[in-house]
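Two complexes are shown next, each including subunit A; its partner changes from subunit B in the first to subunit C in the second.
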Partner chain A sequence: MSIFAILLGLAFGGWLMAALEGWAVHGRFSLVRPLASALALLGREAVVTRKSDRLFFETAPILLLVAGLLAAAVIPLAPGLIVADLATGALFLNAALAYVLVALIMAGWGPDGAYAMIGGWRFLGQFIGYSMLIVMPITAVAMRAQSLSTTQIVTSQAALWNVAYQPLGFALFVVAAMALAWLPPFDLPSGTGDLAGGIEAEYTGPRLAVLRLARMVVVLALAGAVSTFYLGGWLGPWLPGWAWSGGKTLAVAALMLTLGRHIPRMREARFLEFCWKAGVPLALVNIFLVGVIALVVPI
Partner chain B sequence: MSVSIGQSLFLIFFGAAAVWFGVVVFRTHSMVRSAIALLFSQTAVGAMFLVMQAEFLGVLQIMMMASEMSVMAIFMVMFMMDPGGLGAMDMTHQKRLSLWAGGIGLTFALAVIWLTGWGPAAQAAPAAAEQTAALGRELLGRSMFVFESAGLTILTAMVAATMVAIAPTEEHGR
Partner chain C sequence: MTQLAQYAILLGLTLGAFAFVASLYALARVIGRTLDEPGKDVPASSGTLSRDPVWVRYHAKYFGYALLFLAFDMEMAFMYPWAVVYREEGLVALLDMGVFLAILFLGLLYGWSQGALRRQ
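Right, the complex of A and B next:
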């Protein structure tokens, strides 16, 4: 039952987000357009490049989709409304999202095209930057909850949401999440201006449809993670729990999709420099502060 | 601990997958394929942990291997100065030495498995949260020194490897 509810939520959320992204990119808001372009992609010819690494080429979009779905499986929409309430949920989310990188390298390598390959390796460079900033803020969140279970992380925020308790971790996590989902200004792997689509360059037809859907699922899973870890998940007055967590997730996803579009694209070397020289020390400060607060003031 | 038939079947399946992907590492002629095959071999080992109800270890293994193998790919690219990783390349080198090293390693591992007194098997696996807590206490207690020195060694190796990979320039001297 939960599986269907979550899948339905993901489909609905993905559709809304696609409409919103279309609005941000083309300046026109249309709820029909995502459906129309999805249908068009399904009907379009699926070109395979010459001398492609067929196994990687075919596997990459599916692996990306599976990674996104597995990450979404540990995000609770409401008490009991979760696909798998694992004792190691927060870690599992990391494990699933680590395969986004693998899928993108495969998508870059597979088609035997220069643009795609540069896109894939660029994402690897980006990964070295963001990976620590995904894990370390989650450590601080788990420290407060005394658990890695995502439902317990939500209930630990009953008195005060983590966004107020550890704002530093929140900021770092959101930046890292945007880099993980290669959203602007961290969209180097697919950089439209200079790489002609990068990892998406050689994908056409149904494969491109799966790739884009998978990316949307990854964005939603990350937005769900932000809402679960920092915005109190299903906690909120009057409305039912699923409405709160769904609304928060969609709001975070919308912000992630639109915020960075007004900032110039960030080169992976600059991003790496920022992450390791500023991000990692700040994340350590965050862990230290959360540890001190947790010991001194029980909230 | 009693093991159900389903559990054993999954264990055999993932074990066979781990070995098969391990073989693929050397059968392919592409460095990228080789790296990804090694990754999936290790992922299968992670799945074996999950089947054996060691949730934390399984998830950790599955997570760490994805990033580690990709980092390995970075070093591969840095050293070979060839992002394509050469289309046709033999993955086996120094065959006689490798065979001997592999054989001795295998014998040693089998000897450790057979000769160690493993003690009585637990009746039931503890709950996942309990395992995580116990592992945390172990890592911050008895095994802390071992773990920290391993971490420092890996960090040193990474810094050294990066230094070797960076081509010397005029202003930095040779």
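Right, the complex of A and C next:
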């Protein structure tokens, strides 16, 4: 039962976020537009480039969707309202999101097109930068919760949300999450105006529809992870739990989708430099600070 | 629910995603088929096939970062179990991992000083 509730929530959230992204890109807010363009994509021709690697080309959108769904499966919306309450939930989230990289490189390699290929390899470089900033802040979260289970991570924040307990980790994790979902200003693999769509360049019709849907699921899963790890998940007064976690997730996703559009796109070299010269030392400082606080203060 | 049942659910979710995509493709097929026309299947490169082959070796210009990434990624494998028992172990755990992380961080600083943190 909870599976269908969560899948429905994902579909609803994805639709809202697609409308919002359309607003940010085209300057017009329309709730019908995402549905119309999804139908239009299904009606379009599904062209496959000549000499393409069919296996990689066909697998990439599906793999991305599976990675996003599996990551969303360990995000709790309320006590009991979770697809799979694994004891190693936070680790499983990491493992699922690692396949985003595989899917994007497949999408780049598959069609045998120059732009797509460059987009895919660029994402590999981006991965070297952001991945440490995903795992290290999660470690600090697990240190406080004494568990990798996502539900226990939420209950550990009953006294104080992690965004106040470890603000440094929160900031690093949000930046890394935006880079993972290749949202602006980190949209190197699909850079419009630069790579002609990059990894999306050769996808048309229903395959493009699946690719875009999968990207939206990944964004929602990451926003859910931010709200679970740092914003106290379902914790909050008056409203029921699912409303709190759903609202937080949508708010974080909306911020992730819109904020970066006001910043120029970051070059890969600059991004790697930022991640390894500032991000990794700061993440280690975060782990140390949380370690000291966790020993001194009992909450 | 047992752990095994939960993994079964995750497997079901994966298979369900495959089925969902297959049904979308089938729906698109019902709406209309793709016409086979010459020149349509050229990759997006201004209408001509690219002069050079695409599937060649590229220079991984970030290899300095990549090597450091390997060291840090291995370290993360130790960090997760450590993080879970951290509060039980207390100060000893902080010192244990502190020494390990300090050595690793010195490695990062050394790499930085030798110019590894630079796109070659």
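We take it that the second predicted complex is superposed on the first by the 299 of 299 C-alpha atoms of A that agree within 3 Å, B and C clash if a C-alpha of one lies under 4 Å from a C-alpha of the other, contacts with A are read in each partner's own complex, and residues count from 1 in each chain.
The rule is short, and it goes like this: a contact is a pair of C-beta atoms (placed from the backbone, for glycine too) under 8 Å apart; a residue touches a chain by one contact, two chains touch by 3 or more.
In this text the structure is predicted, and so the values were computed from the model without any measurement.
K.L.:
Could you say whether A:Gly80 touches subunit B, subunit C, both of them, or neither, answering first, second, both or neither?
P.N.:
A:Gly80 contacts neither subunit B nor subunit C.
K.L.:
Mind working out whether A:Val102 is in touch with subunit B, subunit C, both or neither, as first, second, both or neither?
P.N.:
In the superposition, A:Val102 touches subunit B alone.
K.L.:
In the overlaid three-chain picture, which partner chain does A:Leu91 touch, first (subunit B) or second (subunit C), both, or neither?
P.N.:
Touch partners of A:Leu91: subunit B and subunit C.
K.L.:
Check whether A:Trp121 is in contact with subunit B, with subunit C, with both or with neither, and answer first, second, both or neither.
P.N.:
both
K.L.:
Once the shared chain is lined up, is A:Pro281 touching subunit B (first), subunit C (second), both, or neither of them?
P.N.:
second
K.L.:
Which partner, once the models are overlaid, touches more of subunit A's residues, subunit C or subunit B?
P.N.:
Partner touching more subunit A residues in the overlay: C.
K.L.:
With the two structures laid over each other on chain A, which partner does A:Gly247 touch: subunit B (first), subunit C (second), both, or neither?
P.N.:
Neither partner.
K.L.:
Does the superposition put A:Ser131 against subunit B (first), subunit C (second), both, or neither?
P.N.:
In the superposed model, A:Ser131 contacts both subunit B and subunit C.
K.L.:
Quick one: classify A:Pro167 as touching subunit B (first), subunit C (second), both or neither.
P.N.:
A:Pro167: touches no partner chain.
K.L.:
Taking the contacts subunit A makes with subunit B in one complex and with subunit C in the other, which residues are shared?
P.N.:
86-87, 91, 109, 117, 121, 124-125, 128, 131, 147-148
K.L.:
Residues of subunit B touching subunit A in their complex?
P.N.:
That would be residues 30, 32-33, 36, 39, 55-56, 59-60, 62-63, 66-67, 69-71, 73-74, 77, 83-84, 127-129, 132 of subunit B.
K.L.:
Quick check: in the complex, which residue numbers of subunit A touch subunit C?
P.N.:
So the residues of subunit A touching subunit C come out as 3, 42-43, 45-50, 61-62, 65-66, 69-70, 73, 83-87, 91, 109, 111-117, 121, 124-125, 128-129, 131-132, 135-136, 139-140, 142-143, 146-148, 196-197, 201-202, 205-206, 209-210, 268-269, 272-273, 276-277, 280-281, 284, 287-288, 291-292, 294-295.
K.L.:
Which residues, counting only subunit A, touch subunit B once they are in their complex?
P.N.:
53, 56, 86-88, 91-92, 94-95, 98-99, 101-102, 105-106, 109, 117-118, 121, 124-125, 127-128, 131, 147-149
K.L.:
Which residues of subunit C touch subunit A in the complex?
P.N.:
Going through subunit C, the ones touching subunit A are 1, 3, 6-7, 9-10, 13-14, 17-18, 20-21, 24-25, 27-28, 31-32, 34-35, 40-45, 50, 54-55, 58, 60-62, 65-66, 68-69, 72-73, 76, 79-80, 83-88, 90-91, 93-94, 97-98, 101, 105, 108, 112, 117-119.
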